[in-house]
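Letters A, B and C mark the chains in the order given here, with residues in each chain numbered from 1 onward.
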Amino acid sequence: MSVLDGWWDDYFWGSVVVLQVFLVALVMMVLLGLIGSAAKLSNNRVAQKIANAYTIIFRGTPEILVLLLFYFGSGITLTYFVKLFDPTVKFVDIPPFWAGSIAIALIVGSYATETFRGAFLGVDPAQIEAARALGISNFKTFIYVRIPEMWRLALPPFGNHMLSLIKDTAIISIIGLNETVYVAEQATGTTAEPFIMFMVVGCIYLAFSSVITLTVMVLEKYANRHLRSA
Amino acid sequence: MTDDTQQPIIQLEAVNKFFGDFQALCNINLKVNKGEKIVVCGPSGSGKSTMIRCINRLEEHDSGKIIVSGRELTGDEKDIDAVRSEVGMVFQSFALFPHMTVIKNLMLAQRQVRKTKKAEAHAIAMQYLKRVKIPEQADKYPIQLSGGQQQRVAIARALCMSPEIMLFDEPTSALDPEMINEVLEVMTDLANEGMTMICVTHEMGFARSVADSVVFMDCGEIVETAKPEDFFENPKSERTKLFLSQIL
Amino acid sequence: MSFDFMLIFNSIPRILTGIGTTFQLLFLSAFCALILAVILLLMRISGKWYLVIPNMIYVYVFRGTPILVQIFIIYHGFPQFEFIRNSIFWPIFREPFGCAVVALALNDSAYVSEILRGGVLGVSKELHEAGAALGMKAHQRFIHITAPIGIRLVIPAYSNDFISMCKATALASTITLLDMMGVARTIVAETFAPYEIFISVAIIYLILTWVYQKCFGLLEKRMSRHVKQ
């Protein structure tokens, strides 16, 4: 275990990076899911087609592929555009942090789109009708009736999406993001103890996923509090 | 009607059953002789289903004794298996195996439990299918049959195991009214052939014509036991009178 | 920046040389995972604490850690140990293919065992009781009642999991395996044309995914022909 001395703080900062990527991607994932499900549920044929294409493409393509495509591709595209303005620039790329966050948000967002769509459809239309009949405005009905019910239905699969998201951050190490897997690779190079180094990474991720699972359990209990029978 | 020297085929003595804090059965005492037909009735939640489910150990009683065909029901697997081979059960929801044809439904237990050969099991199955009057449905799947037909298949399935006792747990409650009679007919025929039957049901016409004795349960207790004519004309307990006024 | 459409088409044959490895990885891992998952399932539904608890720990660990980390632990980490190098399993762990199959199978089995458990739970209690009332023992009920009905119930969830597996095989390219992804990355390194090459690979994966979904859909239709819709 002493082989880990000196690496603890690297792992710590790597974990911080994981957390940062997770939180950033989470926000993007939720937005993408909401927009995507709204598009699918809307009457706009174009929006529906785009959203369908989005879910089909990103649910059927490997995460690593999306990541590499996005990272390398965006580098080339950005460089091209920047060169138009300033020909002396050699190469511009998106930092791995952003390339990674956006890539995994896109992927899990496609699953979230389906989850939110299902949750919206699962809301009892009778409840909506009752609210409108009482004179509550469209907007207020959406906020006070639709969203809480939809949230309750979406919560279990959403918890799984969050778990997928945090585990996908490990893949971003491939494009050089200095999160925990990357740290382990460095450490292996120096100490020649790959097993321990990667086991630590496993434990870190296990800790993260445990926290997420517990949080979701608590949230589920809270969201279902009105349904618990006496 | 009953021989005093003959042991009852089913005996419940001081049986209690709890679901958590809720007492489903309170000090149940019941004796059933061979060939007797008992109808058990009472409001929902009175413990009727729980009681008969304890008889074939689908539920475990917490205290008291249950003796079926001379064997006491304890945790002993051998006794439980032996009792289940003597006792057939018909469920409210039919519980036919949806992924098997009717004939296979009837053959499954024979082949798995009795190790009967395929041809013999098939012959026995067809015999009982004829008895419940739907031999032509043998190769259909349960979903293709009406509720009444499915329940008759369920009765045949239980009969294929040659039980000495048949338990019926609200066999007609899930049926559309026009199909109730076809099932009651089969049950009446069975009764007339001498089968020992315990039947939880709301069908009071059946109770009047077939039962040797009617047992009324409420809140987990047996409130009153009487011959059908006495039960319906002269109920003794207030609770029985209340129940009868609500359903008749 | 030029977008070379021809490159997309021209590179497909070369990418397809990796498809053999991809398929071998996928079907071998999925098969092993299924067998493991059934064992895990039986452990979980046995009710015996010394089987249930190891099952729960296994599922917790393998679902709670990234599959890439699991691959790295096996590929980079296992050869570190003498007892593994000397064991009969060494030929498996020596090769990246073996490591990938083991990692994918272990990981997937955790998910599939839970999917199967969902199927078992979905078989209505009354069918079990009818079987018990007829005198059938627990293992007989499992084989003749629970399994046939449960399998049909789990096909949608299993097909999703199978497609996840299909995507996970691409991670094997990180341990030098030349599956489709590995070949693609090699070509990109040569041609510096990430868009075209990666889009080609993506198209192939999408077609494969579509085929798998159709197959599972047909399977489900066929198994549901005698069931209420």
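Basically, a contact is a pair of C-beta atoms (placed from the backbone, for glycine too) under 8 Å apart; a residue touches a chain by one contact, two chains touch by 3 or more.
Keep in mind the model is a prediction, meaning the values are calculated, not measured.
Peer 1: Line, ring, star, complete or other: which one describes how these chains touch?
Peer 2: Looks like a simple chain-to-chain line, open at both ends.
Peer 1: By mean C-alpha position, what chain is farthest away from chain B?
Peer 2: Comparing chain centres, A lies farthest from chain B.
Peer 1: Of the chains shown, whose Cα mean is nearest the mean of all protein Cα atoms?
Peer 2: Minimum centroid-to-centroid distance belongs to C.
Peer 1: So using the touch definition from the top, which pair is joined by more C-beta contacts, B-C or A-C?
Peer 2: A-C
Peer 1: Indicate the whole-number Å distance between the mean C-alpha point of chain A and the mean C-alpha point of chain B.
Peer 2: Computed value for the inter-centroid distance: 56 Å.
Peer 1: Averaging only over C-alpha atoms, locate the centres of chain B and chain C and give their separation in whole Å.
Peer 2: A distance of 47 Å separates the two centres.
Peer 1: Could you state the distance in Å from the CA-based centre of chain A to that of chain C?
Peer 2: 22
Peer 1: So in the complex, the part of chain C that touches chain A is made up of which residues?
Peer 2: Residue list for chain C touching chain A: 1, 60-61, 63-70, 72-73, 76-78, 80-81, 163, 166-171, 173-174, 181, 184-185, 188, 194-195, 198-199, 201-202, 205-206, 209-210.
Peer 1: In the complex formed with chain C, which residues of chain A make contact?
Peer 2: Residue list for chain A touching chain C: 56-57, 59-65, 68-69, 72-73, 76-77, 79-80, 163, 167-171, 173-174, 181, 184, 188, 192-199, 201-202, 205-206, 209-210, 213.
Peer 1: Across the complex, what residues on chain C touch chain B?
Peer 2: 124, 126-127, 129-137, 140, 144-145, 148-149, 152, 226-228
Peer 1: Note which residues of chain B are touching chain C in the complex, please.
Peer 2: Within the complex, chain B contacts chain C at residues 56, 58, 81, 84-85, 87-89, 91, 93, 95-99, 108-109, 112-113, 141-144, 154, 157-158, 161.
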